[in-house]
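Look for subunit A in each of the two complexes below; its partner is subunit B in the first and subunit C in the second.
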Partner chain A sequence: MIKLLGAVLILFAGTMIGFQQAARLAARPRQLRQLAHALQRLETEIGYGHTPLPEALDRTADAVPEPLAELFRDAAERVRGPEGLTFRESWEQAMTSGWGSTALRQTEQSVLLRLGSTLGISDKEDQLKHIHLALLQLKAEEDAAREDQSRYEKMWKSLGVLIAVLVVILMV
Partner chain B sequence: MLDRVMHLLPPELKAVLERLPESAMEQLEEIRIREGRPLELGIRGQSRFAASDGTLRASSDGAYKPTADICRKLLEKITNHSLYAVEEELKRGFITVAGGHRIGLAGRTILDGGNVRGIRDIGGFNIRIAREVVGSGRNLLPKLLDKNRKTIHSTLILAPPQQGKTTIVRDIARSISYGHWGLYEHAAGWSGRKVGIVDERSEIAACVRGIPTFDVGPRTDIMDACPKAEGMMMLLRSMSPEVVIADEIGRPEDGEALREASHAGVSVIATAHAYDLQDARGRPVLRQLLEDGTFTYVVELKRTAEGFMHRVVTADMKDKLPVSAREPTATVARGEQVVGMQRGDVP
Partner chain C sequence: MNMDVSAIFQIAGIGIIIGMIHTVLKQMGKEDMAQWVTLIGFVVVLFMVIRLLNDLFQEIKTIFLFQ
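The block that comes next holds the complex of A and B.
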């Protein structure tokens, strides 16, 4: 009886782990797409609105869903804070502290950190070039992420169940 | 004075300035920050260097020297972390921040086809702390009134830099706009006039996103950061002002626009850099304007230890220059409160 209960629990857990991995794979290209939208929004704010960065970040945050919105909002709040942080410092802090709640990886983070070190310190043309470059890099990542998704999403879903079944068989 | 600009300064610089003596903080007019060179302060028109413990001295030896890092942080703060948003301001060499404080910048210029496109490697800052002195033109205004038209005569205000031109012209704009015509008894029932200000340097009204941070009166429209000549024509066409005010005229197109405005039946109040009327006649644009009779009066301003002193002369070229002593632009009764005025600055 207890063995049966244990087997059911293992099956359930294995399936859930598989589905969760699959969901992470599916979330990454979606969030990459949202991130690209956010940067395009930022590009418009800088290029056409000449909006100062803290305000531009707030507006960008309003235009994208969580958890990405929180990254931008956090950066805007830190730069307004009383510690007198430079923009680069606040951006870096926001990107590292809020990164865990996203499905994004190290490569995207380094793209954003590189962008953060150039934002706000040069003229409009230069700013737009840097944002454009970041957008191109994110696009490449997004394509790769989509490929990963189509290749591994189904695999993870079935793999979770199958491994759980294997463990149950070995136990019995 | 100092607390008005404190929020702009990086923490390291703030710490030094907070150690200044109380009296110096009160009367601070300029903070001049140069990268790697002594920190200079302008206090009541005098130049002093500040040491890191807050003591002031006339010589630059042992003075506090702001580092490159501090200058970078300061630049980020005053541009609100967005250099791209102040490109136009950089082209002109200064940024006006909330509160009307003007920050002059110096560095290496970027040229584009021979024209200055901006400044980079900014290593020099001059923070001029703006002050609003309500009532500073109270004695001057009644002398400029046009009794027939119940408004003000066209007037040119002359003074060297830092002598209070902008402060006076702002107070005049406010008084006309409110209809506070001063001590002149016949003007008691006059209503206020529509005032148009062309604020090329954002100093008169100190607009932040189009909204003035100084009180310039309820009937006042402002063209902010607009070239004077174009701004005057735009105001004339769009806002039907009765009085047009412009700061620091000097280019040929400014003169053209002023002439145009004065022939449109609008009173014009302008300021220019010159020591006195004689000096102003040496400048071609001003000379032409004076000869054409654009201005009825010329006011010469001077700032002394007792406050702003003025002398009104008629602009008519045929008249000999009347020699009269300068008089204070405002008198304040004992115990009367004047907003923004520092004790000892203006009587």
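The block that comes next holds the complex of A and C.
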């Protein structure tokens, strides 16, 4: 009886692990697209609105859904904070501290960090060009992520169940 | 006797599951991982067979060498 219960629990856990990995793979292209939308919003704020950078970050945060909005809001908070950080420092701190809650990877982080080192220190056209560059790189990443999703999503789903069954058989 | 039958079924189950994992990994273009999985499954089954063979030889020793 207890053996059966343990087997069912292991099966359930393996299936859930597989589905969670698949969901993570599915979340990455979606978040990349949201990030691209956010950067376009930021581009609009800088290019047409001439909004000060922390406020532009806040408005960008309002325009995107949650795990990414937190990054932008955190960066804006840190700029306004009492430590008197430069924009680049606060941007880097926000990106590194909040990164774990997103499904994004190292390459996107380096793209954003490079963008952060150029925002707010030069004229409008230069910043717009850098945002465009980051958008292009994110677009390429999104295509690669979509391909990964179509390839590996099904694999994780079946692999989780199969490995759970294998563990159950080995332990019986 | 009962133990033997369950061990055979266990080995058969491992074979089926390893085969399915191999197929899934190969379909997704990870041939090297698929080969490793098959190799590890083979080693695990080999250890189980060796344990059974050890039992068999112990039996034979006790029968023929009168220990």
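Going forward, the second predicted complex is superposed on the first by the 172 of 172 C-alpha atoms of A that agree within 3 Å, B and C clash if a C-alpha of one lies under 4 Å from a C-alpha of the other, contacts with A are read in each partner's own complex, and residues count from 1 in each chain.
To be clear about the criterion, a contact is a pair of C-beta atoms (placed from the backbone, for glycine too) under 8 Å apart; a residue touches a chain by one contact, two chains touch by 3 or more.
Predicted, not measured: the structure shown is a model, and the values here were computed from it.
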Partner chain in contact with A:K139 - subunit B first, subunit C second, else both or neither: neither
First, second, both or neither for A:I169, with subunit B first and subunit C second: second
First (subunit B), second (subunit C), both or neither touched by A:R105: neither
Subunit B versus subunit C as contact partner of A:S122, first or second or both or neither: first
First, second, both or neither for A:V79, with subunit B first and subunit C second: first
Contacts of A:R24 with subunit B and subunit C, given as first, second, both or neither: neither
First, second, both or neither for A:K3, with subunit B first and subunit C second: neither
Which superposed partner A:P52 touches (first subunit B, second subunit C, both, neither): first
Winner by number of subunit A residues touched, once subunit B and subunit C are compared: B
Overlap of the subunit B and subunit C footprints on subunit A, listed as residue numbers: none
Subunit A residues touching subunit C - in the complex, by the definition given at the top: 151-152, 154-155, 158-159, 162-163, 165-166, 169-170, 172
Residues of subunit A that touch subunit B when the two form their complex: 46, 50-54, 56, 79, 83-84, 86-87, 120-124, 126-127
Residue numbers on subunit B that touch subunit A, as the complex places them: 10-11, 72-73, 76-77, 79-85, 87, 118
Subunit A-touching residues of subunit C, taken from the complex the two chains share: 6, 10, 13-14, 17-18, 20-21, 24-25, 27-29, 44
